[in-house]
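Take a look at this one; I'll ask things after.
Chain naming follows the written order as A, B, C and D, and within any one chain the residues start at number 1.
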Amino acid sequence: QCDLFIQEGARLGRTPAEVVSTCDITFACVSDPKAAKDLVLGPSGVLQGIRPGKCYVDMSTVDADTVTELAQVIVSRGGRFLEAPVSGNQQLSNDGMLVILAAGDRGLYEDCSSCFQAMGKTSFFLGEVGNAAKMMLIVNMVQGSFMATIAEGLTLAQVTGQSQQTLLDILNQGQLASIFLDQKCQNILQGNFKPDFYLKYIQKDLRLAIALGDSVNHPTPMAAAANEVYKRAKALDQSDNDMSAVYRAYIH
Amino acid sequence: QCDLFIQEGARLGRTPAEVVSTCDITFACVSDPKAAKDLVLGPSGVLQGIRPGKCYVDMSTVDADTVTELAQVIVSRGGRFLEAPVSGNQQLSNDGMLVILAAGDRGLYEDCSSCFQAMGKTSFFLGEVGNAAKMMLIVNMVQGSFMATIAEGLTLAQVTGQSQQTLLDILNQGQLASIFLDQKCQNILQGNFKPDFYLKYIQKDLRLAIALGDSVNHPTPMAAAANEVYKRAKALDQSDNDMSAVYRAYIH
Amino acid sequence: QCDLFIQEGARLGRTPAEVVSTCDITFACVSDPKAAKDLVLGPSGVLQGIRPGKCYVDMSTVDADTVTELAQVIVSRGGRFLEAPVSGNQQLSNDGMLVILAAGDRGLYEDCSSCFQAMGKTSFFLGEVGNAAKMMLIVNMVQGSFMATIAEGLTLAQVTGQSQQTLLDILNQGQLASIFLDQKCQNILQGNFKPDFYLKYIQKDLRLAIALGDSVNHPTPMAAAANEVYKRAKALDQSDNDMSAVYRAYIH
Amino acid sequence: QCDLFIQEGARLGRTPAEVVSTCDITFACVSDPKAAKDLVLGPSGVLQGIRPGKCYVDMSTVDADTVTELAQVIVSRGGRFLEAPVSGNQQLSNDGMLVILAAGDRGLYEDCSSCFQAMGKTSFFLGEVGNAAKMMLIVNMVQGSFMATIAEGLTLAQVTGQSQQTLLDILNQGQLASIFLDQKCQNILQGNFKPDFYLKYIQKDLRLAIALGDSVNHPTPMAAAANEVYKRAKALDQSDNDMSAVYRAYIH
């Protein structure tokens, strides 16, 4: 998997610790809070390679508690920490059109600006560590809930004898029209659930966003309802399909 | 209220029956199923003026049962019936940018085409009576649920110490960006809930869409959750504000 | 179906109107608002037989608007009206252990007291017409939501490797212990969904209770969530099974 | 706080480690997963006092992952571990009428039997560590969801002009009648929310039960809806009141 990069001049690190030892700035992106912690705190983990001046940029979408804990241990060893989760999907990543939310070490954010420009169309610096995690969870909560709503609309059209294509045409004429709406409806109309954004990850983000609301006693009934629909989709083996496969929870 | 139109050459009908007697094609738009029925079936109602060849176009957003019942009584008197609910809001109406969903008498739809072109940017003919009602309820269900989701996201941002403006900026950079999202967030950021689309009407449409799902045993958990949030907003006296005032259900 | 009663001395009325003409007090119990209206307002309906002094007792569980409308037309013809929906199931009905909620004509309620004593263990007089409908919907809303919760608990036990029988044993030792809890869990453990209370009727009552809340802008998120689960159960062909068959919505 | 016990002959341990060093069997009960972990793993925690043969019984209601982790570390030091969360409330505790769910070391369970008999009316042994946590969360999920349903029914009665006392009388006549239903309704009717079971703890249990469902992809829409209502109650400062104070989420 790494061969292509090595041909281009990259060097291969055998462990996270080794990578961090070798590089000034290490970027990482893993799937969930547990993986993010293991990567830093596990045997031969990032923390073993952190020395004063070393920089670690975690681009995973996790909860604020996790990222705050990681920041603390890295800073306590003299390292510099930036969280920088990305909003977008596989397609946008290929096109360098991601939106990057960053928080933590402001200087490090500025040092990363050329990298971020290569990866994304824009980036935001949001202040203290944890803010990017929170903001990203909120963005993905909105996206995940809206995706469930779209699937609910398309299936209700179908079972009441309406054309799903016409529903999409109508929505595309109105003020709700967006790239997201169009692409996700196209996925469903074509039965193409190849993952741009894994269903299991949007469900994870809904779960974490609900927990975020929980931590401040803020009700999130839409996200709670959406989360239950995604759980049904996961029970129907849609975890590794695109989030638009939540559609299948409505037809089974 | 009607003086301006009369100055322009319109004639005033004292009752629905009188209007229908005078005109070839009568357009009507009222707030809910009960009002739509009363207008047709009540004393001096539309039905009293219907004769063979008279045309009645109901542009209200109601349920399919109501519109089907109205179609039947009008057709049984020799009249022609078209349902033509509109998607859009006050602003779009002023700009002649509404989307019109029509169903029923196809010939009448074609006769109305110049009128529809004046009112809206586009129109769809959806077949037999009831289809436009169903489709419109689904469109508004999607819109109403998404609105609640937006409000949920903005309030969760606020209570977790994030900038609502930044959340909007991020969303506007991503694939969810839409006129609706931007305008409704602007309303909330400015605390401006002047009605473009009355909150009480989107709640009515959610209720009718849930009933539509009920009639075919189709679960609509997102709409059900949204409906409860709008009911809370109504209890907080937001009925006559814009649908974006659902935001207030999240902060009280 | 009526032969047994006729052998016991009952007379058969060919139409609702004929029954009402023959009897001083007519008792009726049908499945939903539409049936209740048709029975009274339809051709050869109850209303045709109502004369001054005739009494009509509607024991159906319907909404307050329906029962109020029926009361008005019957009273306008000089009849007397009592609504008297019953709480209970087939078993309790056989045992004469129903709970009767009555409202409307107080004198008629007293005239019916011996009949009610034969049918039920107790009855309540709740004042003006509509109150019994409202109270019954609330009682059934509580019951329907609790039933969904029980099913949710039993299925969560199963999928997490716990014994459903042990869960029931634990619940039966605690303060939640009730005949309802025990019987419905037994139904589920035995896979016996013979109807005591039809699933389609408890779903109808949830729907009407939600509408009751809607009419006063009162959120009912538990009932709304339960309603969606019952709709799924109906889509799985459980309408004519007992309400405990909502269990099946959780395992498919 | 401990003086009374000391007068009765108890000895005071300064730290968890000291208590465990002194006793053969240590019983502990704290509020949530974090507290349970801190007690064992923190400085001068239980783990520092564990030696071969020492027994630790954790009676807290936590999630299965937490209790499994604690069991592993204690067993790895040669200790014996039993989880034994209790179902019940303050009143039942005073009366020695708790229901105890135990899992883990079967021999230790038997050694504790006389203690458990003093504390509770009955106990269940549920097999491997984690099972008692899961079962307790399910029991409390059922209880918490039902409590929200009761509050929803009582408030809907009130806002529609019905007597809450009469609703309780009706429910007490029917098959739903239970000590829980009666006591919680009495609390609400009397506006007495003195904690028998803290609202914040039932919300925590709902949260953990939802997470349990999440871990096996099992939808729990009733618990999810209830959880949102309790979060609103917490936002209204009801955390330290009885769980019946969820009522207040429905009237504000």
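As a convention for this text, a contact is a pair of C-beta atoms (placed from the backbone, for glycine too) under 8 Å apart; a residue touches a chain by one contact, two chains touch by 3 or more.
None of the values given here were measured: they were computed from a predicted structure.
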Longest centre-to-centre distance from chain B, chain (CA-based): D
Superposition of chain B upon chain D: rotation angle, C-alpha, nearest 5 degrees: 180
Chain pair with more C-beta contacts, A-D versus A-B: A-B
Euclidean distance of C-alpha centroids - chain B vs chain D, Å: 49
Rounded Å distance, chain A centre to chain D centre (Cα mean): 35
Touching two or more other chains - residues of chain C: 213, 218-221, 224-225, 228-229
Contact footprint of chain A on chain B as seen in their complex: 87-89, 92, 99, 101, 121-122, 124, 126, 131, 134-135, 138-139, 141-143, 145-146, 148-150, 152-153, 155-157, 159-162, 166-167, 169-171, 173-181, 183, 209, 212-213, 216, 218-226, 228-229, 250
Chain A residues within the chain D interface of the complex: 207, 211, 213-214, 217-221, 224-225, 227-229, 231-232, 234-235
